[in-house]
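The structure appears below as structure tokens.
Going in written order, the chains are labelled A, B, C, D, E and F, and every chain counts its residues from 1.
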Amino acid sequence: MFIKKYKIGVAYAHCDLPCGVYNPMQARIEAESIKAIIDKYNANKDETFRARCVVIKEERARLVKEHLSILWSDFFKDEHFNKYPHLHKLFNDTLKLVTLVKNSFDVNNSTKLLDSIDQIADIFWEVKRSM
Amino acid sequence: MFIKKYKIGVAYAHCDLPCGVYNPMQARIEAESIKAIIDKYNANKDETFRARCVVIKEERARLVKEHLSILWSDFFKDEHFNKYPHLHKLFNDTLKLVTLVKNSFDVNNSTKLLDSIDQIADIFWEVKRSM
Amino acid sequence: MFIKKYKIGVAYAHCDLPCGVYNPMQARIEAESIKAIIDKYNANKDETFRARCVVIKEERARLVKEHLSILWSDFFKDEHFNKYPHLHKLFNDTLKLVTLVKNSFDVNNSTKLLDSIDQIADIFWEVKRSM
Amino acid sequence: MFIKKYKIGVAYAHCDLPCGVYNPMQARIEAESIKAIIDKYNANKDETFRARCVVIKEERARLVKEHLSILWSDFFKDEHFNKYPHLHKLFNDTLKLVTLVKNSFDVNNSTKLLDSIDQIADIFWEVKRSM
Amino acid sequence: MFIKKYKIGVAYAHCDLPCGVYNPMQARIEAESIKAIIDKYNANKDETFRARCVVIKEERARLVKEHLSILWSDFFKDEHFNKYPHLHKLFNDTLKLVTLVKNSFDVNNSTKLLDSIDQIADIFWEVKRSM
Amino acid sequence: MFIKKYKIGVAYAHCDLPCGVYNPMQARIEAESIKAIIDKYNANKDETFRARCVVIKEERARLVKEHLSILWSDFFKDEHFNKYPHLHKLFNDTLKLVTLVKNSFDVNNSTKLLDSIDQIADIFWEVKRSM
């Protein structure tokens, strides 16, 4: 079975019903897609392909922002921001990084974005385990 | 680190650039959200809350369909459909199940949907490993 | 010709309420638009115009996929897939063709896409008449 | 009947590239869907079903507005508005009718909407033939 | 200047519930964004930046059309079109101007668009004050 | 009152091109729409009307979140968060308020939301004037 196999237990809520299912994996998958798009762009000079890369990266980056914003505004509560005082800035910096990623095909930015999302995920799972 | 911790190695591509990053987890997270919405609906008689459940379940179900359709049309190739002759029908049945899930708050349907997605995920990861 | 061939009297349902109104014409109009966009792209060197062609073709192609996916998952039932054993593959190939159409401005692909949609429409109307 | 009446041979362009493919059929299919939704709503007392009808009708009606707005702003030119002096008001009244259709499940409004769209289509095809 | 000229005290309704809150400011902000995008495009030769300008201008222009269409179909009534006989044409010309703005990075078109929106806003606030 | 208080002369940028045009008015107009929807809901017992209120309020609230998120992640820089140390929390609380507003038709929440947006706007214009 999929979930059992990967030992991730359960995934957690993500809409502001709230359904209670949040998962930083959603932002990460989009960010991995962005990194793959950037790699492919840099290896391909075709004009149409490159224009599509811009269009699709824009949309994937929008989704990263959307997924992260939901975590920031709906999953994390005051008590968590008190416990992790740098968490507001971590989210804000990560979103600013998404804007940077939209503006270039520099693979370093997309790597930094993945790192930032992983830092958020670390805190997310720490909080989940303590619930 | 998030990904290493859960031993899922890497997530794989999902847009039709194609970026090459596909992951059945995306459909599963939405389906888990749907199950959570159905549970909450059945435990809450508030009219506004219930109407929101309909609206949000509709959108989450749409996303399940979207994520599954991408796997079916862009990730899996003829060779995979040849190797797994029931795969077309498995996808088609799963999408029909999503329509059923939209039409009720019967938790059994959402459980069946999760099972179906897991069956697709089993095949997906089997194919990934053999690449 | 598409419309004349089927002498359609009414259009039929297309959402998964289901409202019961499905019509392959919706996919076809978008595919005709794509063909027109490709023709105009190839006749016009203006950079802005060409970038817009990429953006708009992407969206129209997304709509072709959406309209076809609904027919595949909501209009056609098991009995139809039994009667037309190649129908799953026909849909799958057509969706793969849409991805190809997104990736180039080769008019041949868009012509093949129209042909494929017409083959689906042939089966669709045959099923409709036998209902 | 709509299609038979016009003996249309091809469908015509609809985005503001412009691709040059416009077709009032797009608005009509959505309006037929709306009529079917209203009929089904009135024959079904299930709370979830009815809530879904509201959600889906809202979206279909939005699409009717979108398709009609494109015809009004991009297909028809000054010369057509001069030739058909009531055309502005016909479009405006039809859009106001869509708002009315959103606000109730009165089947009369959806029938009037179909009639209005057919009047627009009459003029549309008259203009097409004279091009 | 737009805001100062009207001394607006409150903003007014804009969905077709209708919530009764309409405000031409929504269209204007998007049009100002378009003008800013065009200025930045003309001052920057970077390929990625320019492609993003096309994508984002397309979306902003779509929003201008959407906001204007709502004013035209939902805020203004027959009595207003009778009082301002050129109002239909003013809206139609403005929407056609949006299409033109999508098709180039000529700053003159975006300036004309702002002027046209201001003319609509003049009439809008005149009507509001007389309610 | 919001507009009069700031004597705003021009509206400012809002996409992450960035076009440089940000304006808290966009969030405020949607929040005013929400308040109007809540008032109308409480004065109207019609089932269809009320269901539409839920659907439309959901969308308007989503737009409030979107507009605020852009201000938070793209307009405000580190120096502003240093100068206004409560600004992160103010945004976060305001977004949490939007979730609350989605979940009820209590007019108090929508009034608090307008107040919160005005507090953000105060800081926004203070920053703008000092640029």
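To be clear about the criterion, a residue touches a chain if its C-beta (ideal position, glycine included) is under 8 Å from a C-beta of that chain, and two chains touch if they have at least 3 such contacts.
Predicted model only: the values in this text are computed from it and were never measured.
Q: Starting at chain E, what is the smallest number of hops through touching chains needed to reach chain F?
A: 1
Q: Tell me, please, which chain's centre (mean of its C-alpha atoms) is farthest from the centre of chain C?
A: F
Q: Going by residue numbers, if over half of the contact pairs line up, that's a repeat, so tell me which of D-E, C-D or E-F repeats A-F.
A: The pair repeating the interface of A-F is D-E.
Q: For chain B and chain F, what's the span in angstrom between their mean Cα positions?
A: Using C-alpha averages as centres, the distance is 33 Å.
Q: Based only on mean CA positions, could you tell me how far chain A sits from chain B in angstrom?
A: Each chain reduced to its C-alpha mean, chain A and chain B end up 19 Å apart.
Q: Got the chain B residues that touch at least 2 other chains?
A: 49, 51-52, 55-56, 102
Q: If two chains touch, include that pair; go through all of them.
A: Pairs satisfying the touch definition: A-B, A-C, A-E, A-F, B-C, B-D, B-F, C-D, C-E, D-E, D-F, E-F.
Q: Over in the complex, which chain B residues touch chain F? Could you list them?
A: Touching chain F from chain B are residues 47-49, 51-52, 55-56.
Q: Where on chain E does chain C make contact in their complex?
A: Listed in rising order, the residues are 50-51, 54-55, 58, 102-105.
Q: Which positions of chain F touch chain E when the two form their complex?
A: So the residues of chain F touching chain E come out as 1, 3-4, 7-11, 13-15, 17, 19-21, 23, 25-26, 28-29, 32-34, 36-37, 40, 49, 52-53, 56, 59-60.
Q: Quick one: which bits of chain A touch chain F in the complex? Just the residue numbers, please.
A: 16, 18, 65, 69, 72-74, 78, 81, 88-89, 92, 95-96, 98-99, 102
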